[in-house]
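Pasting the structures in now, so scroll down.
Note that chain A is present in both complexes that follow, paired respectively with chain B and with chain C.
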Partner chain A sequence: MTSVQRLWRRSREYLSLKAFRCRRCGEVIYPPKRACPYCGSRDLVEITLPRKGRIITYTVINVPIEGFSKPTIIAVAELGGAKVMAQVVEGAEHLVEDAEVEVVLGKVGRTVEGLEYYMPAFRVVSGKDLKEGDTD
Partner chain B sequence: MRVAVVGVGMTRVGRLVGKSIRDLAAEAGLKAVEEVGWEPPEAIVVGNMLSSLSEQENLGALLADYLGYRGVPAFKVEAACGSGGAAIAVGYSLVRAGLRRVLVIGVEKLTEAPTPVTTRRLAWASDADYELVHGPSFAGLNALLMRHYMSKYGVSREEMGSWAVLMHENGYRNPYAHIRKRVDLQTVINSPVIADPIRLFDACPISDGAAAVYLAAEGEARRLSDTPVWVEAVANATDAVDILSRKYLDRLEAAIRSAREAYKLAGIKPKDVDVAEVHDAYSITGVLGVEAMGFAEIGRAAKLVHEGRFAPGDKPTINPSGGLKSRGHPVGATGVYQVAEVVMQLRGDFPGVRVDAEVGAAQNVGGVGSNVTTTILRR
Partner chain C sequence: MRPERRAGIVGWGTYIPPRRLKAEEIASLWGFAPEVPKGLWIEEKAVAAVDEDAVTMGWYAARSAIRRAGIDPSKIEAVFVGTESKPYAVKPSATIIGDALGVSTRKLATDMEFACRAGGEGIRFGIALVASGQARYALAIGADTAQANPGDVLEFTAASGAAAYIVGPAEEAAAEFEGVVTYVTDTPDFWRREGSRYPGHGEIFTGDPAYFHHIISSVKMLMTELGLGPDDFDYAVFHQPNGKFPLKVGRKLGFPKEKILPGIVTPWLGNTYNGSALIGLAKVLERAEPGQRILVATFGSGAGSDAFSIIVKDSIKERVKKAPTVEELLQSKVYISYGEYAKHRRILYRNVGG
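After this line comes the complex of A and B, so read on.
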């Protein structure tokens, strides 16, 4: 379970999907690090990830950890060269590998203080039995 | 300067309600000291992840005093589920640095708290800011890798399920194992889904237990034991705790790096290994672990297990203990169990499935492959 102060501390970067690009090797670095894990360079520039991408892998968790609902659906999607983890909060019935998703704001769980909180989350835009444009 | 294991000890693994952290550590630790004729250690290193569940930190001093070695340098090493292997790495380094006798104890008491509390704490091995905040369980994180692996390499549910069948077949004969029962493939692949595609029988149990190895410098080793087992290499490697910034989701790069370094230090190749204990917290972890050790190409391990490879009689024989799946996974103790089990195989006194072996290996994985220790042992 996370805390209110953790969310407060990171809220700006969570909401803006903050990442870095390495000026030396060009790789996208997410989550943020203090050096490029691929080439070691410290010459990094802050970037904002795009809000659309594709599912790489996902899981439907039937035994969730405390503070989260059953099932908790977690996916990793590729957004502009970064792998980003988030809950799938809309369109989960269309979830398949390679499904297209967009980032929305979703109510994901409760903090240790018992407060509900929102995080960037995925909405499936096109996937199983769903083509883009089918939904509003 | 060579380092040897001259004594081992372990408790049965299980839900051991009647035993606390200090009881478990004493049972395993003092058995190892007894094997060297009660020669006192010069230092004690404790591998442990979640003693906080028992409201007990400061394990080094606690155990040194309780075991009868008040005053001896002692401390805890933590590397999530890889804490035991990390404690071995630190103990080995202390002997290489000049100490003559070091006792390494891995201990874990996971059933002290209600299961939901323990499950939440185990997930603390992930990245709190960028993973845990979204709500994945530890099984869920491994499930992300398992789906990707099965899809990328066309691995069937039956092929993945064969891992658990082999582990239970081996663990059935291990008197120290947590779950001593045979299972068939249908039971595995029809068991309840925990975190799709991980089912109950893809996952290790939540266990209590302790194991110990007594390390000694070369001259001391020959004085204390007629059957020293030589530590040829201990190699630790790390990866990002988050799985997101890794280049590949179909392999554990820290496990690959750790194994390569261990083989190089020991001057051997994967084909020289007779027996190995690999870290199968989930069947996917076991499969990726086998591949990281160089016993199968990436994408092939589950298929090979399904075809009957790595069973007793094959080289290498993998997890004659039953692995984490059947022996159990008292997380901070597991890496020490693995080394103690391989030592017993090389000495010829393991009480379960026996492998005639000259060279053995143990692979202990922390997190989702973020902190890995590979140990190579020789008779």
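After this line comes the complex of A and C, so read on.
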């Protein structure tokens, strides 16, 4: 379970979708780290990830810990070259590998102290309500 | 009053959760005659999921508004969230939404409560800040996950949704505020006490002395101050506790049905409280032509009404398509049972962890 301090430290960074691109190996790192986890390089350039991407894989947790909705669905999606893990909060009925997702603000859990946490979350879109060039 | 420096709507956005509960299902469960929802003109209502709230819905609407405005969110200097269903009793929603959007830290931010009209007051504050040169852009949000006691007639309409407006200089606006007035009295028509899950309402107060009196008063004041009459407006949008009241209040004020119907959303969405009139306005903006004049009147129990006169400008058309429209959000839906509704709205009380 996440602490209030940890949430406060990380949430702004997570929500802004700021990431790093490694100048040496080209990998995209989200959330940002001091060094590239793939090659160790510190030559990193800050980028902002697009809000639309595709599901790589996902898992359904039918017995989540207290404070999470039941079931809790966690997915990994590719967003502008980065692999981003987040909770699926909408559109679970369209959830398949390669499904299109949009990053929204999700109320994904609650700490033991009673603080809600609002984090980037995925909304799976069926494609119909997507706009052309809708990538910001 | 006419603002000193002209202000307008630079961007707008809405959010309607996709889950819908049919009024006939509520009627059959609690033993209401089918005429009851028909009499209110309510067909179905939008239901927020268990992990949605005024913050997540308000954020979504605001992001669409920013996209329509085409502005950098760090230039927004005020965030007002009108809601009567904020996630915390103490801890502002405006700060959470502001940071999640990347709004400037040099800003005003507050949650406002005045039943269903706090979002309208947020727009007035935005106009005041822009008109007085104290902010370039202000974001005003109306968002609610409205509560209703199970089996109360209010349950047919109490719904979830959000609308967001970015107020900015008239030169950049898609629609300009021509004038605005607010009419407020102390009226005991609807309330919810601290710690109470569901609101109470003073039956005899809910119609004439509350909704009708306040909207009619604010609209008449606005028309007198601007020297305008019903013929001068192309559309009239009113707060919509149900589908029937806005048509009735419009008729009393001399507006034909044809000018009111385009802004009606409640029969297919329910009453989204702070979202209600503002989602109706969004729907009208999404079909309006440059040069047209729109009347908007909010209503909040307690009670008060803001009346706005808005003139549509040339840039409206190009902004409509930059984010989901109200029509698109109304079409995007899945039907749920009363049981699923009860789970999502936390009507079922469940012991967790013994």
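Here are a few things to note about the model shown:
In this text, the second predicted complex is superposed on the first by the 125 of 136 C-alpha atoms of A that agree within 3 Å, B and C clash if a C-alpha of one lies under 4 Å from a C-alpha of the other, contacts with A are read in each partner's own complex, and residues count from 1 in each chain.
Going forward, a residue touches a chain if its C-beta (ideal position, glycine included) is under 8 Å from a C-beta of that chain, and two chains touch if they have at least 3 such contacts.
None of these values were measured; they are calculated from a predicted model.
After superposition onto chain A, the modelled positions of chain B and chain C are compatible, with room for both. In the superposition on chain A, contact of A:104 is made with chain C only, not with chain B.
In the superposition on chain A, A:86 contacts chain B only, with no contact to chain C.
In the superposed pair of complexes, A:61 makes contact with chain B only, with no contact to chain C. With both structures placed on the common chain, the touch criterion links A:6 to chain B but leaves chain C unconnected.
Contacts of A:16 after superposition: chain C is touched, whereas chain B is not reached. In the superposed model, more residues of chain A are touched by B than by the other of chain B and chain C.
When the two structures are aligned on the shared chain, A:30 is found in touch with chain B, with no touch to chain C. For the pair chain B and chain C, the least inter-chain C-alpha distance in the overlaid model is 8 Å.
For the contact definition in use here, the residues of chain A common to its chain B contact set and its chain C contact set are 66, 108.
Residues 116-117, 119-120, 123, 127-137, 139-140, 143-145, 147-148, 151, 192-198, 240, 242-247, 249 of chain B are the ones touching chain A in the complex.
Those residues of chain A that touch chain B in the shared complex are 1-2, 6-7, 10, 14, 29-31, 33, 37-38, 56-68, 72, 74, 76, 82-87, 97, 108-109, 119, 121. Across the complex, chain C meets chain A through its residues 18, 49-53, 55-56, 59-60, 67, 87-88, 96-97, 99-100, 102, 321-324, 328, 332, 334, 352-353. Interface residues of chain A, counted against chain C in their complex, comprise 11-12, 15-16, 66, 69, 89-90, 93, 104-108, 116, 118, 128-129, 131, 136.
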